[in-house]
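So, here's a batch of structures to check.
Across the two complexes that follow, subunit A remains constant while its partner is subunit B and subsequently subunit C.
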Partner chain A sequence: MKQKADLAVYQEETPRVGPPTDPDVLLDVRNLQTHFHVMDGTVKAVDGVDFSLKRGETLGIVGESGCGKSVTALTIMQLLDMPPGEIVGGEIWFEGRDLLTLAPEQIRKIRGADMAMIFQEPMTSLNPVFTIGDQISEAIILHQHVGKKEAMTRAIASLRAVGINAPERRVKQYPHEMSGGIRQRVMIAMALSCNPQLIIADEPTTALDVTIQAQILELIKKIQADSGAALLLITHDLAVVAETVQNVAVMYAGRVVEAGPVEDVLLRPQHPYTLGLLNSIPALHKRGRKLDVIKGVVPNPFRMPPGCKFEPRCPYAWEVCRRSEPDMMDTPGRKSRSRCFLHAAEGAARRYEFEKAAVATVTAGLPEAQA
Partner chain B sequence: MTRYIVRRLLGAIPTLFIVSILIYAILLAAPGGPTARFAQNPHITPQSLAAFEHRWGLDQPWYIQYCRWVGVCNPNGQGLGVFVSDHGIPNLLPGIIGGGDNGVLHLDFGYSSTTGAPVSDVISERVPRTAILAGCALVLWLLLAFITGMLAAVRRYTKIDTAITLFNYIGYSFPTFWLGLLLIIIFVMQLGWFPAGGMWNVRTVPIFGTGAYWSYAASQPLAALGDLAWHLTLPVITLVAVSVAGDSRFVRAAMIDALREDYVRTARAKGVPERRVIYRHALRNALLPVVTNMGLELPFLFTGAIATETVFSWPGMGRLFYEATSNYDYPVLMGILVITAVLVIGANLLADIIYAVVDPRISYG
Partner chain C sequence: MTPQTEQALVDSVPADSPNGVSAGTQPDVMLEVRNLKTYYPIYGGILRRRIGSVFAVDDVSLTISRGERYGLVGESGCGKTTLGRTILRLEKATGGSVTLDGEDLLAIRRSQLHRMRRKMQIIFQDPYGSLNPRMPVSDIIGEGLIAQADRENGWSKRAVRDKRVGDYLEAVGLRRDYSRRYPHEFSGGQRQRIGIARALSLGPEFVVCDEPVSALDVSIQSQILNLLSDLRTQFNLTYLFIAHNLSVVQYFCERIGVMYLGKIVEVAETDVLYGNPLHPYSVALLSAIPIPDPRQRKKRLVLKGDVPSPANPPSGCRFHTRCWLRERLGNPAECSTTEPPLRTFQSGHQVACHFAEQVSADVVQETAAKQDVIETAAAEPD
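Our next item is the complex of A and B:
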């Protein structure tokens, strides 16, 4: 009996072969593993990440620094430096093709045209020695095979679409003549210029002033809705996730630990790590109290815990968590899935305590998420 | 831009003034002096030595000497009249409106104390010869520095990079004179492929730069050019081998820095082909530090090929400097130093101008 059950689990977890059956699925990432070979050994920055994104949908990936969310994005775009990076395994299905099996030249044709990326640092992400117009029209000329003049006209149009005043004048300017917010708008215009199916935004607001952050976020939401492109938003900011995306995946130590609709994940967290993240958000009702933090630090990448990667910091962990690592599990009555033994049969008895804490956290107020 | 250049040129005046004082002070402090070359000569009496010193104004106080050399003082004047030219106006004004005609200000560097020829003639005869050597070396050197530097940067940490690095370190560690001698031993003494020195074949070709040479070059251009190239080969190799190493490393470092920048990743994210990423996005940015560095090196190629020109008996500026030093030829020495200073300032200005052309962030209002 026991053996049979194991087999069933095994079959379920084996990566499906071939493109996703659902034609609406634009991006399907399966068991993605990206490692970095450095002096001291191998860092498994992304260690078995699965998620999928339908056309026109928005997905947020959250997690603290170093959890592998940016590396996941760069792996999808195939912008990693290899070496030291290496994509060890997995599949990235995008529009019916596995990106990991394509030749570099084919990837290059997809990059910028079908999937575009917005980076974190608008101050350094634009080339200082070329005009804005040059930089936007470069991609248009490359992918849409139009002349310089026509490309410039389209560049002006996309600058206008991201709300930049006097785009005819702006295209002749250099990046240093613009503020950070305007530069990020330029980056968004550049990403938009070839009407991509997928926009990956890697911490697009982190480097900006708070007042500008809201504007840029609104802009990203607007252009996503207008263009119908799917959005993969990478951030460490739960408030940004709550405002921007439909689905969210929480990453920890190179893996997705919880995934589901944003309201489920943020209002009914099913993983102790997600709960810890929600707990550590400063809020008005916590004024005067010491801020709750997740105790301990992110595990050393060279000495990962043998069982659950979150076990050393987890207040709900018991022996089974030290021994083996949980798979993603369905959660009762929710659409989200969680990588935690609390949702396995052996954790059922302990779940009550966790749920009590989760309810306490959420009902105490999470204004950003509820808004 | 024009205003900036004019401002920089005006700013060069005090610099040159200080440099001229330094040159004067250093040569004054150096052992020997203009009369040192007569010391071993038994036929020269103290009387004729005194006459020599009086003839060249060496019996004057140092500040009068300096002012005469610069051209502020009139050597014919007495007392305060030293500042007045023969035509009765300040001596430092141009000769054409009645100022003086002596001194560096009036492009009079004095007379060579060994040949008696005007220093300006001695130097201007040498300049084109050095320019040919330096020009050939510069073109080859820049080409090689960029090719090897970029190749090493793009293929960094591979065998190609290691090979270029190794080659550069070997080149960098060669002293110029030693490499020159080594090349002479191999390619001249053993193989006999190239001439040991000189700029032209003295038996078949007239002296370079004379009317006879140009008429020869006009009648037999291929033979003249071939002869020149034949003589150029070894000194150019020597100059390039040693100089290219440093710049190749410099280009490599600048390129690696540029290739790591966020905007290079942005370019790749746009789907720009890798060649275009390297040659357009990265190289344009890597040029900035390289231009500065080369602006500093340029003048030394023109005046500082002393060892190479000496080893290969190349009749240029570097060898002239060496000869002038050995002969205690102070006027020639000072002339070369002043020209070097002007070249350094000019090359720096040129580098700054190129800088502004390459980098839109720099504007010279």
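Our next item is the complex of A and C:
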């Protein structure tokens, strides 16, 4: 703690109490901590995550498996199994209310109506014993207080909006009668049926083939733009992020390690982990050369390193990284923030080497450099 | 297992890897596949009679030179895995021939096939499903050695076998003493390394890599890809690399075959295929790849609908039901009546399309600009 005080360059912390001051902010997540109590101990799956999302904006959360990105989404939707899960701390401000202080009945009113989720597995997240018409209209009846017939009409309209042919016939079908791409469209229709303010899409295209992925991504982008809803996109794929969202937060071991506009984060990465991820993506211009790897594996959740969680794998780490954990810091000349001591006063001398590597990565990927 | 050990071992793998078959040398054919067919029967009706077939691989021909990395791409259900398995005679072929190093694999007797197994191996996709959880690593890798033991190699002896298992564990960047551990003690990347060690321990020359990195995270994926290219140099391997991730194939392979519904629709050198694809399906497939660079957000050419069922493939060109080029050309009858043969363009670039000459970057861009994303599901059959 004492060492942290020595580091001078922190941005002022946002106030920890009360709703966000900016009325445009739709979702404000602050210092969120979700832990799982399992037999071997406690897994801090989400350990102090902060981000905010304005109305109509799009934010991507990207990270490898186990980094806590899906748990963050499930915590916001309050869909965690508790126990073993426990929301240990933090605030989730959504439309002026802290979701973590609301009663379950109030959450049920919000969930599905004001915020909706598109799940990863179109195969398993639809109920196989109900027709998709029943499944879509369930939410409509519940939240919009209309009759069965009217709900079915609205279900048909939302299926049509996601490009499903002959929706009058489709509503009577069961999930097994559809392909993966169509099921994912049904999931999107379901999420949209009550005109939510916030759409959370958890790996919406991971289970799909690349041509179907292109269809679904284009569809999500269009629907987001048309409806004006905010989009929180969770994915492991930096390329999907690059093509879909405005802002991005990179997660590692339960924390956001870098956040900012997508152009800044992917083209001028400010955290060694982001740079490592970008470098390990195979691409044509890297053919014939070895891929850069991030050495080692993600830390064991029961034995997290004491300092920076990325330190054991970080090629730029030094003494201070082992001792204490960095906070999110501003980066010079950029809008993005990074959880790395390279941006603290004592990292200034080492920053040059990192910047050089980052610039090399990005210019190598330029189309002009490839030609 | 600590992360540091894996990391140290990864670092110890030799760093340089010469790339590609050296120019000038006569291409030495390793594998030749001619008109290979794999059909699966569909039984139905009261008498459970055969009522149809799934045409998983339908009349595929390809040639792989020694030392080459041949990539096979396509969407799920296009038959790429079945093709790989049929080549190794893990699936029964319905027709055609497979010649590996001069021997016709589909014609030889069981005993000869058993010997040939040493020459050809496979690395499986799922590092969780492909290792027996009840076996220690020494048995997982040693099982193949026992099966292939003879007087010459002495693999039936425990000591010889253990040494070989240890050698190959080291070759894939793991520690020798891991041989006594069980699969659950390893991470996904390490398990994939064990799968690779198992395949290589028999000293194969030809290895089918069936989606070896699709189940892994990006940072681990790059470690495995580096390992595979190091091992290729070290053991003189020829790879048939099956993947659906087009960026991985682009990085890893020298030549690529694109499959659609049981057929190869285009074959070309990697640079040629990615730079100048001529089959409308390849064009759409490449256009669908997301690029991790926000500056290159582009208007994509999005295919309509889904892949039709391989049990009832469309007549004529199998792609015609989703083809944007056919639509553009005013639906010529040829597409739905005549099956296009693989035609050779320059330098081994083969394309199975009647109208491949019409494909160009301008045409693609123009078509993409006109598309309405909402309607992309419209071609979905009932």
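For this structure, a couple of remarks:
As a working rule, the second predicted complex is superposed on the first by the 350 of 371 C-alpha atoms of A that agree within 3 Å, B and C clash if a C-alpha of one lies under 4 Å from a C-alpha of the other, contacts with A are read in each partner's own complex, and residues count from 1 in each chain.
Everything that follows uses one rule, which is that a residue touches a chain if its C-beta (ideal position, glycine included) is under 8 Å from a C-beta of that chain, and two chains touch if they have at least 3 such contacts.
Fair warning: this is a prediction, and the values are worked out from it, not measured in the lab.
In the three-chain model built by superposing on subunit A, subunit B and subunit C fit together without any clash.
Contact with subunit C, but none with subunit B, is seen for A:Val162 once the two complexes are overlaid on the shared chain. Once the two complexes are overlaid on the shared chain, A:Thr211 sits against subunit C while remaining clear of subunit B. When both complexes are overlaid on chain A, the residue A:Ile110 reaches subunit B alone and has no touch with subunit C. The wider contact with subunit A, measured as residues touched, comes from C rather than the other of subunit B and subunit C. Of the two partner chains placed by superposition, only subunit C is touched by A:Ala283; subunit B is not. Working from the superposition on chain A, the subunit A vertex angle toward subunit B and subunit C, CA centres, sits at 70° in steps of 10.
In the superposition on chain A, A:Asp237 makes contact with subunit C only, while subunit B stays out of contact range. Shared-chain residue A:Val293: touches subunit C; no touch with subunit B. When the shared chain is aligned, subunit B comes close enough to touch A:Leu126, but subunit C does not. Taken over all C-alpha pairs, subunit B and subunit C come no nearer than 8 Å in the superposed arrangement. Touched by subunit B in one complex and by subunit C in the other is not one residue of subunit A.
Note for the complex: subunit A touches subunit B at residues 77, 79, 104, 108-113, 116-117, 119, 121, 124-131, 138-139, 142-143, 174, 176, 187, 190. Those residues of subunit B that touch subunit A in the shared complex are 261-263, 265-274, 281, 284-285, 358-361. Of all residues in subunit A, those touching subunit C in their complex are 64-65, 161-166, 169, 179-182, 185, 209-215, 217-219, 221-222, 236-243, 262-263, 266-267, 276-284, 286-288, 290-300, 312-313, 365, 367. Subunit C makes touch with subunit A in their complex at residues 3-4, 6-7, 10-11, 15, 17, 19-20, 75-76, 187, 189, 217-223, 225-226, 229, 244-248, 250-252, 270-271, 274, 284-285, 287-297, 300, 302-303, 306-307, 373-378, 380, 382.
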